[in-house]
Amino acid sequence: MPYVNIKITREGVTAEQKARLIQGATQLLVDVLGKNPQTTVVVIDEVDTDNWGIGGEPVTLRRARGS
Amino acid sequence: MPYVNIKITREGVTAEQKARLIQGATQLLVDVLGKNPQTTVVVIDEVDTDNWGIGGEPVTLRRARGS
Amino acid sequence: MPYVNIKITREGVTAEQKARLIQGATQLLVDVLGKNPQTTVVVIDEVDTDNWGIGGEPVTLRRARGS
Amino acid sequence: MPYVNIKITREGVTAEQKARLIQGATQLLVDVLGKNPQTTVVVIDEVDTDNWGIGGEPVTLRRARGS
Amino acid sequence: MPYVNIKITREGVTAEQKARLIQGATQLLVDVLGKNPQTTVVVIDEVDTDNWGIGGEPVTLRRARGS
Amino acid sequence: MPYVNIKITREGVTAEQKARLIQGATQLLVDVLGKNPQTTVVVIDEVDTDNWGIGGEPVTLRRARGS
C-alpha cells in the first residue's frame, strides 16, 4: 500500500530503466518494511530541465555550462 | 481552500471526464467539510503507463499481458 | 490504481469525516473512469493553519481576523 | 536542502520566467531560513488548463467565459 | 538531484528502518541512472491510518477487521 | 491560482518565519507571472530530520556528525 514518487529530469530515461526503478523501489519496501508489493504504487515524474532548479538556476543552464 | 490532487494513468481521459472529476471532488469537500468551492483547487496528473508501477512492474507491461 | 491526495487545514476533522472523504473520492474514480476501488489509494494530509497560506498570509491570521 | 514545488497552469510561461521563479524561490529560503542555495531544489509543474479546477470547474471553461 | 518521496502508514517504523529506506532509494538512483547521491533527496511521509484509504475505507478499519 | 509547496526539515521554524515564506512565495508569483495573490496557495511541510535523507543518509545523522 505504500506510494513512492520519483522525480527526475527528463533526459532520455528508457522504459527499461523506468521498469528497473519501479522494481527496485517496490522491492525496497518489501525488504525493509515487509510491505505487500501487489499494492505498492510507484509513480515516476520526468521534469523538463527548464523546470528543475538547483543552486538557484535551471538545470538547463547548468548543463550548458558543463556543471 | 482545500487542494486535491488526482493521479491517474494517461489513457484517453476526456475533457468532459476531467470536468466531472473536478466537479465531484469539489462537491465532496463541500458536502463533508463545508469547504468553500470557490477556493477549492483540484489538479489532475495524467501519468504515462511506462511511468506508473504497481506490483513491481510498469502498467504498460500489465496491460500487455492483459492483467 | 489511482492515487488521490486531499490536503486540508488541521481543524478538528473527525475520523468519520475522513472515512467519508475516502469513500467519496474512491467512488468518484469508479463512477467517472471505471477504476477498480480495491487499488484506489486516498491520502489525507492535515496541515497546521500556520503552515497554510492564501492571499499571502497564513490561515491562522485570517481566522483571527474573522475572514 | 529544501524542496519547493510550484504548480501553475500551462499558459506560455517562458524559460526566462521559470528561471526567475527558481531564483526567487531559492533566495527566499536563503533569506528567511538561512538555507544553503546549492542544495535547494525547485520543481515547476505546468498543468494543462483542462486538468486544473477551481470553483468546481476546469480553468479552460473559466477562461472561455472570461472569468 | 533526484527527489524521492515515500509515503507509508504511521505504524512504528524505526529510525533504523527509515535510514535503510533512504540508503536504498538513493542507491537505486545511482545504480539505474548514475545519479549523484550527494544531491539525491529522499523524504519519508508517515500517514496516520485514519488518513490513508484503500478500497474505499480507512486502513484503520481494515486493520480492525484483520484484512 | 498557483499552488506552492515548500518542504523543509522540522527544526524550530517560527510562525513568523512561516508567514514570511508564505508572503514571499505569493509575491514571487505575482511579480514573475502576474498571478492573483488571493487565489495563490502556499503549503509548508515540516519533515522530521529522521525522515529527510540526502547523500544516502538521514539528516539526523549528518547533523550529529556536524556536516
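Note that the chains are named A, B, C, D, E and F in the order they appear, and that numbering of residues resets to 1 at the start of each chain.
Heads up, the rule we're going with is that contacts are C-beta pairs under 8 Å (C-beta built on N, C-alpha and C of every residue); 3 or more make two chains touch, one makes a residue touch a chain.
Please read all numbers here as calculations on a predicted model, not as lab measurements.
Any chain that touches subunit A and also touches subunit D is listed here: B, E.
Interface note: subunit B and subunit D, two copies of one sequence, contact each other through mostly non-matching residue numbers (shared numbers fall below half of all numbers used). Comparing the chain pairs C-F and D-F, the larger number of C-beta pairs in contact belongs to D-F.
Checking A-B, A-C or D-F against A-D, more than half of the residue-numbered contact pairs recur only at A-B. Averaged C-alpha coordinates give centres for subunit A and subunit F that are 21 Å from one another. A separation of 14 Å divides the Cα centre of subunit A from that of subunit E.
Multi-chain contact residues, meaning those touching two or more other chains, occur in subunit C at positions 1, 3, 7, 21, 25, 39, 41, 43, 52, 54. Inter-chain contacts occur between A-B, A-C, A-D, A-E, B-C, B-D, B-F, C-E, C-F, D-E, D-F, E-F.
Within the complex, the subunit C residues that touch subunit E are 15, 18-19, 21-23, 25-27, 37-46.
Of all residues in subunit E, those touching subunit D in their complex are 1, 3, 39, 41, 43. Considering their complex, residues 7, 47, 50-58, 60-61 of subunit D touch subunit B. Those residues of subunit C lying in contact with subunit B across their complex are 1-9, 13, 17, 20-21, 24-25, 28-29, 31-33, 35, 39, 52, 54, 59.
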